[in-house]
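Down below are the structures I want you to see.
Next, two complexes with chain A in common: one pairs it with chain B, the other with chain C.
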Partner chain A sequence: MFSVIVRYCRHYLHREYGYKRFFITIFGFALGLNIVVLSGSIDMLFAGWEIIGVSSFLLIAFYRHRVQPVRNALRAYTVYRFCDIGLLLGAWMSHLLFHESDHFSQLAVLFKDNSTSPASLAALWLMSVLIFTAACGKSAQFPFCFWLPRAMEGPTPSSAIFYGALSVHLGVFLLLRTTPIWSYHLVTQASLFSIGLLTVVIASMAEKTQSNIKGQVAYASITQVGLMFMELALGLENLVLLHFLGNAFLRCYQLLVSPSIVAHMLRIEGAIDTDNSLALPAMRKRLPVSIRDTLPGVLQNTLYVFALQEGNLELIVRAVFWSPLKRFGAGFNALTTRYRLSLVMLLILPWPLLVQLGWASSAIYAIPAVVIMVLASLSAFSQKQFLWTWHAVALSSLSAAFAVWLLQPGVLVDVLLFLSGIVPSWLIGYWLLLRLPNPENYRDAPFAYRALAEIRPVRAFGLLVSFLGLAGFPITPAFIGEDLLLYHASHQFAWIAGLIAVSFVLNGIAIARVYLRVCMGKPLEISGIRSQAIG
Partner chain B sequence: MNALLISCQLLPLVGILLITLFGSDEHKIARLSFWVTHAMGLAIACLLGIWAWQGFPAYEFEWFTLYEHGNYRLPVLFYLDKIGATLFICDLGGVFRDSALLPTLFA
Partner chain C sequence: MAGFFGIDFLYQGFDDAYPVAQCPNILKPKHLIVEKSVHATPEKAGLTDGWSDLHVKPHSLLKGWLYTQILGLGYAARMVWDVFRPGPQLLAIEKLSELNAHTQLHLLRENDEPDAEGRLLGFSYAEMADKIEGLLRTIGLTDRFAPIVAVIAHGSSSTNNPHFAAYDCGACSGKPGAPNARAFAWMANNSAVRALLRERGIAIPETTAFIAALHNTSRDEMTYLDQALFSAYPQDSLAALQTAMQEALRKNALERCRWFELAPKAKTCDKAHAHVVTRATSIFEPRPELNHSNNLYCVVGRRALTQQLFMDRRAFLHSYNPNTDHDGKTINRILSAVIPVCGGINLEYLFSRIDNSVYGAGTKLPHNVIGLLGVANGVEGDLRTGLPSQMIEVHEPARLLIVIEQTTALLDKAFAELNPDLVEWLNNAWVRLAACDPVTRDISLYQATGWEAVAGLTDGQVPTATSSEQIIANQTQTIPVHVLRRAA
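And then the complex of A and B:
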């Protein structure tokens, strides 16, 4: 499939700006995919998963002069990153529950004997929820269906290989790999079936109202993956593999021929007065135009609006997951420095008092560091200024490392390993952000795109590497460090591991936004801002 | 089989490196991509062929330990079974569809 895509791209992207960038990113995707397919444990799978996520993010924002692809890249990355909580905590839980037996090859053996479970039912249920979250995000299943049609803003060949053929099926792949964990109980199987069913209902309706061919193919693909989820819940593993193969090839083909189909339809539209028209298949002539036509008028309209709004899933996800965090962060950012410090002190001071009174162990000293970590992440998540966001993310990571060191002073080496990836990325990124052209204009228009990738491509690449390093992407030791921090934090307080994972996710989204704002856009926009400032 | 598992991981990296270093124009990028993707396809075809020859086993291979400290251990571990093979077949399908490869291979 890669060779087909590469061959197609030679013509499709001929004389296109960013030809080399496209090929490098698509090979990055191939690397991530091969790691995922051949991974022997959840940790390895997570490394490949992250590489695929970032390749996808870069390819959606391939046409970086246009605002919409850049916005949609952030939208897709936000869902990816949010669902990474599932895999990040899933990897941590697999270490915790199965110890040295967290390899995929040993999972089935562990669960073979039905009389003795390797973990408690509650732990398995929690792990199943985490796996489902990761799978739903990657495969655009309920309630995350909305991002896939938006991700089609990238070049058609990348859409074909990512969202038609391979990437969209990775959620199914994860579920197949972890079948012994989530299939242990009927409730988790029923939950998976429900997710698949809801996706099929919403996506098949939304598909009918899509105004572009790629959106239709995207929703058709989501529907098929929803059916695969249902098949998996029913234990039809071999059928899923067959379905998976068929859907991958069909959607890839459909997306690759979609430009030709659009051109053909336009030609027919242009030749409306001639005999050149589309003939309906004989079978279709015998069927009613649509089932919708048999429904009462009010229901027809309701369903039409529901399908047009794609079930309002994006609004719901935003209202439930993002808005509360953003509101809290914005409220914190709106405080003056004195009030901010007072609030931090108020949250920090009671804990040492508890130790002095003998009501808690000295490990509780880590809680103030965790409070700072959470506040810094929330502040970065809702912040508009680049430098503030960059420092807040670094502060959050440093606080996480400090908290784990306070919890377990014996793991200093592991904490330093994490910091060896974070600190250089932070400092290099800070140095690059200080050297942005015309920094005086940035305060006035924090939401404008700065087009650094056009003006200073080498610096933009440096900022990309810093962003990936600070986000714990598998190019620095911080990637292993993240896993280690979660592993050590959970020995004292498991909930701290959860907060650290959430902070990492928020940090990743916050600095991805900084990267997009600084590096994407048209140079023309910058000159516009400059002339406004002069005027 | 182990060498093929490793080469499946390394070939995309080789592709990135070659395009970054030598991809000065469209023709060179297209040529490099063509050969790397086909080398990848060939490595996958051989891997799946040997795997099938051995009776479709669930094959595990630990390359090296990336990090180890106390009870924590992170090995670079590869695993091939029918689930992974299905996804790989998607990769491989294109090689046979791409008719331009066949004369090149048998020339």
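And then the complex of A and C:
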């Protein structure tokens, strides 16, 4: 399929601005996909998963001049990043639960003996939830259905291969890989089934009201993936494989020929008095005339609006996951420096006191560092200034490392491994951000799109690399360090591992925004090169 | 001849659900023409029953689940086939441009009662004679008829292209002009119409036949319409026409190929022609053709004016006999078509090129068809207007130059009668206009303030060549006008 798409793109993108960039990104995607498919454990799979996420992000923002693709790229990336919590913690848990035997092929063996479980039921449930989160995000399942249609911003073939064919099925792949873990108990199977069912209900209704062809294909694909989730929950793995293949090829083809829909509808009109698909649905025709229209008008309208709003999933997700964090961070940022410092002191000082009084062990020193980490992440997440966000993210990562070192002083090497990826990325990024062209118009528009990718492509690439490094992308040792930090943190306080994972996710989103704002946008040529806000 | 041939009507093709206007957007046609099968029992293929269209039909949840599993794999093969072996089996635009030979147009009006919507079903003989006379007088074809007069419409076929209407005939509201050409040929061949024309001073000899054809501008193919009637036409002239046409199409394909970077390196007519056909049938081709992208001139006059000129496919040519137009009525009729149509085409490219993201539609690669109304870049956002960047990238921004073979004195007299809206085009220089004196060949440029004499190039200043192949060799930009001289 990939070779077909590449061959297609050779002509389709001929003479297009960004031809090389497109192919580099799409080959990056192929690399990530191969890693995912060939990986033996969740750690390795996570590396491929991240590469796919970033190449997807870059391809949605392929037309970087316009603000809409850039926004939608961030939207998709946010969902990806959020669901990465699932894999990040999942990888950590698989170490914790299965120790050395975390290879996928060994999982089945571990679980074969039904009498003894390799881990406690609660731990398995938690792990299943984490895996489901990861799978739902990547496959745009409930409640994350909304991002997929909006991701159709790149050239049509890239949408076809990502969101029609391959990327959208990765959730199913992950579930197939980890079947022994989540199929262990009826409750987890039932929850997977309900995720699929909810998705099918919402997506199949939303599909019918989509006014555009790519949105229709996207929701059709989500519906089929939802059905696959249900099939998986019922234990029909072979059927899922067949369904998987069929759906991937069909949606890819549909998206590739989606521009033909105009010609096709003209032909349908031509055959208007033959039996055509614009006629009543068969189900409705079979109903007795007397009850065909008995659905009350109010309910009809409600359902219609519900479908049009795509189940309001985006608003719900935003209200539940992001708004509280953003509000807290914004509140913190709104404080004056003095208040901010006093608040930090207030949160930090009591802990050493506890140790002094002999009420807690010295490991509790790590808690102030964790507090700083969380506050820095939240502050970065809702701050709209390049440098502040950049430093806050770095501070958050350094605090995380410091906290782990306080918890386990013996693992200094692993902590340094993590820092060896973070610190250079931070400093290079800082240096690049200091040297942005036209610093004088910062004050008027501190968070405007600056189109660095257009004005200074090399620096923009440098910023991309440092962004990826700081976000723990698998190009620096920080990627392995991240996993190790979580592993060590959990030895004392498991909840610290959770907080660290959440902070990493927030950091990733915050600096992705910085990267987009700095590098994307349209350079306006007024008196030489001077970048401005779009729209 | 191209365009709508001065015949404006609503046209309902054999397969069409409702009639569509076959005339410029500004006209409101009053006549309805229906295409009918010549066979008693029309065979209507159930287009939507076919298995090949499953991927474009809406399905219920259960059917979708079943089809996806069972047939999904089949699409793997189909995708590979379409991408590696492009062919015409896809959803090509074949509705209007590839006409069924077994139909005829219902042109003659049997009664004068308008239908429920106030449309007249067909034309009367007098109306037909008006239309034919109007066009023939406009282009100055009132005597010395050839045995065969070809009435050639144009249309374009492309695959997987939501912008296909932009490649068809603008004077037919973005549709192929084939129905108009068929109507014109039928009317001009009709003996009753010819009798009326004879009374009005246009004697079309018995030996002259009008034949309708459609030039597929993307594939460079000619479709001869109503071939059932061909046996009545002079066979040797017909054969000569078809041979000449074929040669012209092949050469045209070669000249077009110089703009396509992926065209075959070996520059032969056969390879070029095969290449343009592949372009029109590939699902991955964003540029099936480049249309009028670089049209710059519009020459209205006797064809001797442009004889032996190589114009790099950049000219609209309109026939006009300055000697028979004594009061300027004919030139006004021509200008009222040429200014909005050719000027409109030119400005469409010009503005789309000047700011493609505002006046144009941007690149067509991410375009998403919304509500069958238009395209947007993603799932949401503004509908895009203007032309996509793939259609204008070779356009060199310039306004149209209309050259009329007529004296300035007569043109002044004609412009006084011209529609004031069109005079604004000229006075505000949206198109540029020059007069070429029929006798002295002096050139004057029209300005709002008056005519301004322009020194023409002398013979030595115009580059010469012996063949167009020689001129276009290794050229990747627009080429200035050359004079073609046969090698001594």
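Here, the second predicted complex is superposed on the first by the 490 of 535 C-alpha atoms of A that agree within 3 Å, B and C clash if a C-alpha of one lies under 4 Å from a C-alpha of the other, contacts with A are read in each partner's own complex, and residues count from 1 in each chain.
We adopt the following convention: a contact is a pair of C-beta atoms (placed from the backbone, for glycine too) under 8 Å apart; a residue touches a chain by one contact, two chains touch by 3 or more.
Here the structure is a predicted model, which is why all the values come from computation and not from measurement.
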Exercise. Return first, second, both or neither, reflecting whether A:1 touches chain B, chain C, both chains, or no partner chain.
Key: both
Exercise. Using the touch definition from the top, say if A:75 reaches chain B (first), chain C (second), both or neither.
Key: neither
Quiz item: Which chain makes contact with more of the residues of chain A, chain B or else chain C?
Solution: C
Self-check item: Touching partner for A:459 - first (chain B), second (chain C), both, neither
Solution: neither
Quiz item: In the superposed arrangement, does A:391 touch chain B (first), chain C (second), both or neither?
Solution: neither
Quiz item: So, A:64: does it touch chain B (first), chain C (second), both, or neither?
Solution: neither
Quiz item: Thinking of the overlay built on chain A, is A:245 touched by chain B (first), by chain C (second), by both, or by neither?
Solution: both
Quiz item: After lining up the shared chain so the two structures overlap, which partner does A:153 touch, if you call chain B first and chain C second: first, second, both or neither?
Solution: second
Quiz item: If you stack the two complexes on chain A, which partner ends up touching A:14: first (chain B), second (chain C), both, or neither?
Solution: both
Quiz item: What is the contact status of A:35 with respect to chain B (first) and chain C (second): first, second, both, or neither?
Solution: first
Quiz item: Which parts of chain A are in contact with chain B and also with chain C?
Solution: 1, 4, 7, 9, 14-15, 245, 248-249
Self-check item: Complex contact set, residues of chain C against chain A
Solution: 13, 15-18, 44-49, 53, 55-58, 60-61, 64-65, 67-76, 78-80, 82-84, 90-93, 95, 159-162, 164, 261-262, 282-286, 357, 362-363, 365-372, 376-381, 393
Exercise. Note which residues of chain A are touching chain C in the complex, please.
Key: 1, 4, 7-9, 11-17, 62-63, 65-66, 68-69, 72, 149-150, 152-157, 159, 200, 204, 208, 210-215, 218, 220, 223-224, 227, 239, 242-243, 245-250, 252-254, 256-277, 281-283
Practice problem: State the interface residues of chain B toward chain A in the complex, per the touch definition above. | Solution: 5, 8-9, 12-13, 15-16, 19-20, 23, 26, 29-30, 33-34, 36-38, 40-41, 58, 60-62, 66-67, 69-80, 82-84, 86-95, 97-98, 100-101
Quiz prompt | chain A residues within the chain B interface of the complex | solution = 1-7, 9-10, 14-15, 19-20, 23-24, 27-28, 30-31, 33-35, 37-41, 43-44, 95, 99-100, 103-105, 165-166, 169, 173, 176-177, 241, 244-245, 248-249, 411, 413-414, 417, 480, 483-484, 487
